[in-house]
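Labels A, B, C, D and E are assigned to the chains in the order they are written; within every chain, residues are numbered from 1.
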Amino acid sequence: METLNFSDSTLCIMSILMIVMPLLSFSAVLIRRTSGGNFAVFNISISFIISILIFLTVWNKNIVHEQLTWFSVGERQFTAGILLNNLSVLMMVLVSGISTLVHIYSLSYMKGDANINKYWAYLGLFCFSMLGLVISDSLLLIYLFWELVGFSSYLLIGFWFTKPAASQAAKKAFIMNRIGDIGFLCGIMIIYSQFQTLDIVKLFGEGGLVSSARIDDGLWISTTSQMPAIWLSIAGLALFTGAIAKSAQFPLHTWLPDAMEGPTSVSSLIHAATMVAAGVFLLGRVYPILDHFTLNVITAIGIITAFMAATIALTQNDIKRILAYSTISQLGFMIAAMGIGAYGESMFHLATHAFFKCLLFLAAGAVIHQLHHFKEQHQLDFDHQDIRRMGGLRKQMPVAFITMCIAAVSLAGLPFSSGYLSKDALLITSFEWAEGFHGVKKAVPYVLVLSSWMTVFYISRLIFKVFLGKSRFEGIHDPPSPMNRTLMVLAFCSIFILFSFNPFSYENSWLVQGFQDAGVLRLDPLHIVVPLAVNLVSVAIIYCAYIIYVRKDAKVFSDESFFYRFSNRAWYLNEAYTFLFTRPAESVSHFSYQFDKRVVDGIINFLGSVIRILSSISDWVDRRIVDGAINSVAELAKSIGNLSRKFQTGHLQHYLITMLTVVIAFFILNYFL
Amino acid sequence: MIPLSHFMLISAGLFCIGLYAVLTKRNAIQILIGIEFMINAAILNFVAFGKFDKFEGGGQMFALFAIVLAAAGVAVALAIILNVYKHFKTIDPAKIDTLKD
Amino acid sequence: MNPEQLIFYFFGALTLISALLVVSIRNLVRSIFLFFVTIFSLAAMFVFALADFIAVTQVVIYAGGVLVLMLFAFMLSNRELLKGLQSTKDGFKLNHFAGLMIALGFLFLIVTAIINTDIPEVTWLKENNIIGQNDNTIHQIGINTMTRYILPFEMVSVFLMMALIGAAHLARKEKRS
Amino acid sequence: MNDFIPGISFSIDNTIGSLGFFLPEIVIVIGFLLVIIADLFLARNNKQLCFMLTLLTLLIAGVMSFNSLNTASISLFGGMIRLDHQAILFKLLICAASILFILFVRFNKTLQLTSKGTGDLHSILLAVHLGLSLMVMSANLLMIYLSVEMVSVGSYLMVGYSSRNAKQSEAAMKYALFGAVCSAMMLYGMSLLYGFTGTLDLNDPSFISGILAIPDISWGLAMVMVLVGIAFKLSLVPFHFWSPDVYEGAPTPVTAFLSTGPKIAGFALLINFLQAFQPMRFGGLSNSLFNFNSVLGAVAILSMIIGNFGAIWQNNVKRMLAYSSIGHTGFMLMALFAFTESGFKALIFYMAIYVIMNMAAFMIVDEIEERSGHDNIDGYNGLGKHAGLLMIGMVIVLISLTGLPPTAGFTAKFLVFSAAWEAFKLSGSPVLMAMIITGAISTVISLFYYLKIPLNAFLRNSGSPAVLLRATPKTYISLLLVFLLIVLMIFPSALVQLL
Amino acid sequence: MSYILSILIFLPLVAALIILILPTSFRDRFKYIALGTTIVQFLISVFIYLEFNSTSAFAGVNKENQFQLLEKVSWIRLDLGSIGKLEIDYLLGIDGLSMPFLILSALVMFVATLASWEIKTNLKAFFALLLLLNTAIIGVFCALDFFLFYIFYELMLLPLYFLIGMWGGVRREYAAIKFFLYTLFGSVFMLLVIIGLYFSVINPATGNHTFNMILMMDPANYIDGSIFSSIANQSLLGISARLLAFIVLFVAFAIKVPVVPLHTWLPDAHVEAPTPVSIILAGLLLKVGGYGILRVCFSIFPDAAVSSAWWLGLLGVVSIVYGALNALAQTDLKRLIAYSSVSHMGFVLLGIASCTTEGVSGAMLQMISHGGLSAMLFFLVGMIYQRVHDREIANFRGLALIMPQFTAFVMIAFFASLGLPGFSAFMAEAFSLIGAFTSQDVNGFLPRWMAIAGSVGILLSAAYFLWTLQRMFFGQTRLKGGDEWLARLKDANLREKFALVPLAALALLLGIFPSLVFSKMNASVLAFIQLISG
């Protein structure tokens, strides 16, 4: 690709411009009540173009890092600046690109909503903070944008704030993210008190402070100060907590399915493509500080999430929820990859996933959108997100069908798709990594493979249930053109060509080359075996899914006399598959779903209620004991006063008696005791 | 020649009798009498000691003044008591307790 | 036990007994007259302390002043007092007991004070400054009044004036207006 | 007979010489006589003659003593009385109290309307004033007894002055009998002291030597009996029982006077009396069983506690102020306790402010009682609206009584605390610390009840619209005093440079 | 020029007098007089801010010649014989620790005055008291003589008592009395300590005892053997005298801050007080406490401060968590915000206790930002209360539909105070916590867990604010008062926006450019740390 040349300062100005553009569409609301969507689209596309330029300039070139003093506390300078390296520019393009598409998509998807201008504003705010998060160069700034991202997602999830569920979900999302944020903050505190700076380059750059800090006899010693070694791991884990919450990892993932209360476009942008990836991005930023223990924890969390989310997705019926869980599990893949040190592969999967998951959501959104309209036209009442109510849409909505299929293929990781490249990259690397170990770590790649197979199953189930089978709705057609076009563009982005000209080898993908290798030794056989094995099984799974979900009702129409044997055999097959695969799968899925609802989410809610109880207890303490003590002091004073009144009987001789008694008592005490 | 201490003992007795009257009698005038006893006890002391104070004459002078003052005091006190009687139709201090907490 | 002492102790006893009667007797008239007896025997004891003038004053002022005042007061509120006497028949009150205790307490205190200090040893009593049998105390008092004690003497006059005015004011019937 | 001759001429010269320093009192005596005459013969045709005469007398006396302010300490009339800078200051305070008192009387309706007229009151006041100044100066047991009796009897008369009121006569009787008992005890104590020392002159060296010669239970008893008399005048706990009843019963001006004049003199007297016992306090005998510090400390603490806590429940404003004045007395005792020069200065300053505060407070209370007919705190409801200015004045006075800025009460309290601190620094006695802490706490407590007045006046609304008569000059006098309180906060030097 | 502080202080007093003099027929002009005064004050304070010299040569804290706009007039000189000469100066001056509060006071006062449009009864008294209070508060921030400081400090009580008591809610009497007694209890004992200090400290120039705070900060000025001299470490009632004095002073200010468990006056006072008074209470009074801890407790008794830092930190953490938990349990919106104040002021204490640059700067910023934000919050509550005279959270639902602008302001205020980055509270709390965490390395005062425990407060604050949002503003509109309320709940009017916008702007501005405050006070904070660590 040809190279452009901009001076660093120009790049910074450009990137600032790129951040600010979406902010304009936010501030537009403040200025004039009605700001059209076109304005927002214009802004975001401008920043997309800029980001492309920056990308082309910076990718695989020297890092651009400009900063200026933001403020200073005591003698400590706190800088604010821009850091452009492969990681940030990649994310930059990803975010701005997808946002642009979603903006366009929203033009028609959100048409006619009462608060549409608010929608654009929030979207703008989100893009602003997400882009800022990507390019900022100090942990403090990152944290700032990190929370802003959470805030804008709060706004967008609760966009239809009149729906109790929506505001509930928004609150849940924000608070669970807050938990992560606190972890992040603690990480920042630890790093700051150890290195007295939050500048990423100074900390994590080559020969940065973190790498130069060493550990001996239980002390973590940096150039300036030292603390017990445990704090290194704590720092890593704390930062990872941030990632867990943001990227919806186990056990803080339950907010994401609820977040589907927001508009679908929002879900696709924020809760599929970009924001949730921020956790992975953060891990990428702070990678050097993660020690072995932390990495192991990360891997464990990653695979657990990947597996259980996949199992849950198997039996969901709400189309968006299926996709949400699939997002969670895919993020689990990325996190796990980070854990095993497959830094590049993880980013690669992040990129590809961004596109095809976004596509999945948007296509699903198209379906929902159309069904919704259909519902309103015919005054029907059914849950227009329930896949059991759908079917046979492939005729009416060909575009949606095709594009979604592409996305599904990519998600399933079948050849010629971008997903194929990235997922195989992940699996292969994990196998290579597992070679180095014995015991439980050996299991990691197998769990990943298993979950990817389940992925294949649930996504094909989704496709089959929605698009194949008998059509139930007459007069449904493809959504208006803006939506369609976005779907097509994304579909293009979901095939291999964008990332590598060789559809089978991820290694010559420019993206993977863009990141330094994690340094696990390469084992050639795996590069052949793993893809073959995985994909063959995947195909088989698709087929049986097809049989389970399509042929079952196809059989009804089959001509008794002619297709008998086939059907019969099919029937056996059916039984066999059901027995061998579906039952266990479903039971596992049900179990893990229940586990998820009852235990994980239960624990979260339980914590919530514990806090409530605590609060009411402390309230009681405050009213009764703390305040009660104060009031009782006042009462005591009064009662003393009352006591002294007892002597004021108005009776002269009593007065004299009391007085003289005191005098005598004084003498007795003083002289005779 | 009477020892001084005997004077003092008698005066002490008188004083305490007066005190008793003050504390127990149900009649303002009797209380007044009790007070007079106490004063007279003091006077007795003064006089007894005054015998040994020829030039200064402190004891006797003091006794003199004390008697005069006491008399005046009694006069005023009685006037007040009569006022009280006018209003309360009693001079029993135990019955006069409109002023109290 | 020479007659002098005999008489002294007689009067001492008389003082105390009469005083006791005064406080213990119910009838006010009697107690007032007994009060006179007490005063008189006190005066007698003054004489033993060679304070004849004081003795005279005592008798004159108390018998002539105080006593008469009290009788007047008694006359003015006679009916009521009799009622008052009935009212006090109500047995042995708590503050009778308390009063008794306190009186005894003070007696105890004063007596201990007297006993602890052996009076004859008090220094100034031993300075030979004692009034002799044949000293004319009246002269001395006269001179003292005009010299050393002139200030209190004058002030007492003011005091008496005030007391007079005040007592008169209180006793005066206010004219209905 | 003859052995008296030499003394005579000497003591006559002494008397003549003393007269020069005794002029203010002489003026008072003359004024006293004039007022009596005026009341008897001239009062018919102009009512306020006695008032004018008394005022004039007091002013002259005041000016005289003010001019003789910086005279060295000197003992007059053969050691009967002793005059020094401090005594003159006390006399000035008393003078101020008396002047305010007669102004108060002048504009007090109930007293002005008594058919017997106020002439006697003025003459009695002058006599009491004389007694007070003697009390301040007296250095001799006889003078002490005489002056105390003079003041007491005068006070009884004042309390029961307008005899048409049952409460007044009750108060007068209680006061008289209570006082008589106390003074009888004092007299007995004096007789014992005289017996032990052979002299009536407190400054006579033989007095202290005589005391030191005998066991301390003896002189302890004697002294306590004398102190009973003084403590009664100061209404210190446990000799305070009369004061709430009497303060409530007496005519408001009299109450105001009783709460200031006799207290001032009482403190002066206490100082004079204790001065004689200095050796027992800090000298050799300070470790004797009879421990002055603990006694005074206990009394002060008790007074602060009983005074302030007792006031919490009062509903009658005058009664409440009576209790609070008990508390104040205890607080002042803290300054006296230090027994340092600065302590006395603080004490005098406090008293000066106290006179102003109390007079103002009682004047306002009386004003309100006359105009709205309420002397109960409940009656004050909503007065803030109808008599705003007066109530604002009241609030400032109360703040000053509590001892908070921006009022002179704060400065005064502050100085007393300073004196106590200093004394604590010198002696380090825990009693002082206890007193200081009690003083601090009692400040908070005092706010508790002082605030009840503004609480009712401003925070609550009266059920029935209060009917208010038009303001009398008292209002303006009291407001003047209030203004004085604030000015003295900002420029205390004006007062302190006299100390 | 050199009298500018006096002008700033006594301008309101003059205005108050004018209001008192004017006849009641002008009653509806009074508020404009007050407003004008506050505006002038604000301009003056801005001028001071701009002129303020923030170089280390003007750090101030414990060097009198480094204070700016110094005014020194010898005020009271009493010759008290053996106590020596009483030396009280009229001593004003500002440094980095006090200057920010001037602007804050002026701003909050401005808002409070705007808020007092709702006051209808007895306007003369109200505005006179308000302005008197104004004088006292600014005086406290400027006074450098302890006597003067104390006078202003006490002067604050009385107006507040009447403001709460006369224009307050149902239980106003209880609240007012409680507030007054609470504070007085603290300050009376403070007076004792002041006197003790006075006897221990000597002005080297004149050789007299002095009340000059700045001289009190220098151990050299203490008479050796005096009760509070750090050399002769005397003990009082069993414990070290200096420690005792520190505790007494701390309690006095902790009551104002308020620190758990001395906070119970706050909810009552806030709930009962009329809106402008709650604004002042939260916006300024609490800051007086924090300022006092910095200027008095720590500066004068650094050694005691060091030895008790751990406990102060603990109290801070407890306040943070306890306050937040209580806020979560409240059903009355105003009470909730009152408790949130307790929680937020806990950060101040934590930051100060850490004795690190970050911590103290954070605490200062927190005070400023909370000053603005709490004022805003109470103003917003007042808006609802004024419209329907109800504050029960349960009685409102879906306000966002009927009062969109109001809701927008509420969200700004809520998110700003729950520490959303970009708003001042975030910077402040973050730095308080960072300071507390670093303390272990720098001076070892506070253990690390305190910072982490404190950060839980951030989570809880998010919880109660968002919960409130969800309950009151989101969902379908449902009001207890029905249509009648619906009619009365108008959206924010111009005056209210006029009051709210500056506060929101302040929060945002300080969030994005904290250097606006930091740069002005860095030198002083460094000097302060220098003083503490000796």
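In this section, a contact is a pair of C-beta atoms (placed from the backbone, for glycine too) under 8 Å apart; a residue touches a chain by one contact, two chains touch by 3 or more.
Note that the structure is predicted; figures quoted are calculated from it, not measured.
Touching chain C and chain E together: A, D. The innermost chain, defined by the distance from its C-alpha mean to the mean of all protein C-alpha atoms, is E.
Ranked by the number of C-beta pairs in contact, the top chain pair here is B-C.
As a whole-number value, the distance joining the C-alpha centres of chain A and chain B reads 100 Å.
As a whole-number value, the distance joining the C-alpha centres of chain A and chain C reads 105 Å. One finds 65 Å separating the Cα centroids of chain B and chain E. Rounded to a whole number, the gap between the C-alpha centres of chain B and chain D is 25 angstrom. Within chain E, the positions touching two or more other chains are listed as 181.
Residues of chain B in contact with at least two other chains: 4, 8, 15, 18-19, 22-24, 32, 43, 48, 52-53, 55-56, 59, 61, 65, 69, 72-73, 76, 80-81, 83, 93, 96, 98-101.
In chain D, the positions touching at least two other chains are 4, 7, 142, 146, 149, 153, 156-157, 160, 163, 173-174, 177, 181, 192, 195, 198-199, 217, 221, 244-245, 310, 313, 448.
Interchain contacts (touch definition given at top) occur between A-B, A-C, A-D, A-E, B-C, B-D, C-D, D-E. Across the interface of their complex, chain A is touched by residues 178, 181-182, 260-261, 263-264, 322, 325-330, 357-358, 361, 398, 400-401, 415, 420-422, 426, 430-431, 433-434, 437-438, 440-441, 448, 451-452, 455-456, 458-460, 462-463, 466-467, 469-470, 473-476, 513-515, 518-519, 522, 525-526, 529 of chain E. Of all residues in chain A, only 645, 648-653, 656-657, 660 touch chain B in the complex they form. Of all the residues in chain A, the ones that touch chain D in their complex are 634, 637-638, 640-645, 647-648, 650, 652, 655-656, 658-659, 662-663, 666-667, 670-671. For chain D in complex with chain A, the residues that touch the partner chain are 173-174, 177-178, 181, 217, 220-221, 224, 228, 238-239, 241-242, 244-245, 289-291, 295, 305-306, 309-313, 445, 448. Across the complex, chain A meets chain C through its residues 653-654, 657, 660-661, 664, 667.
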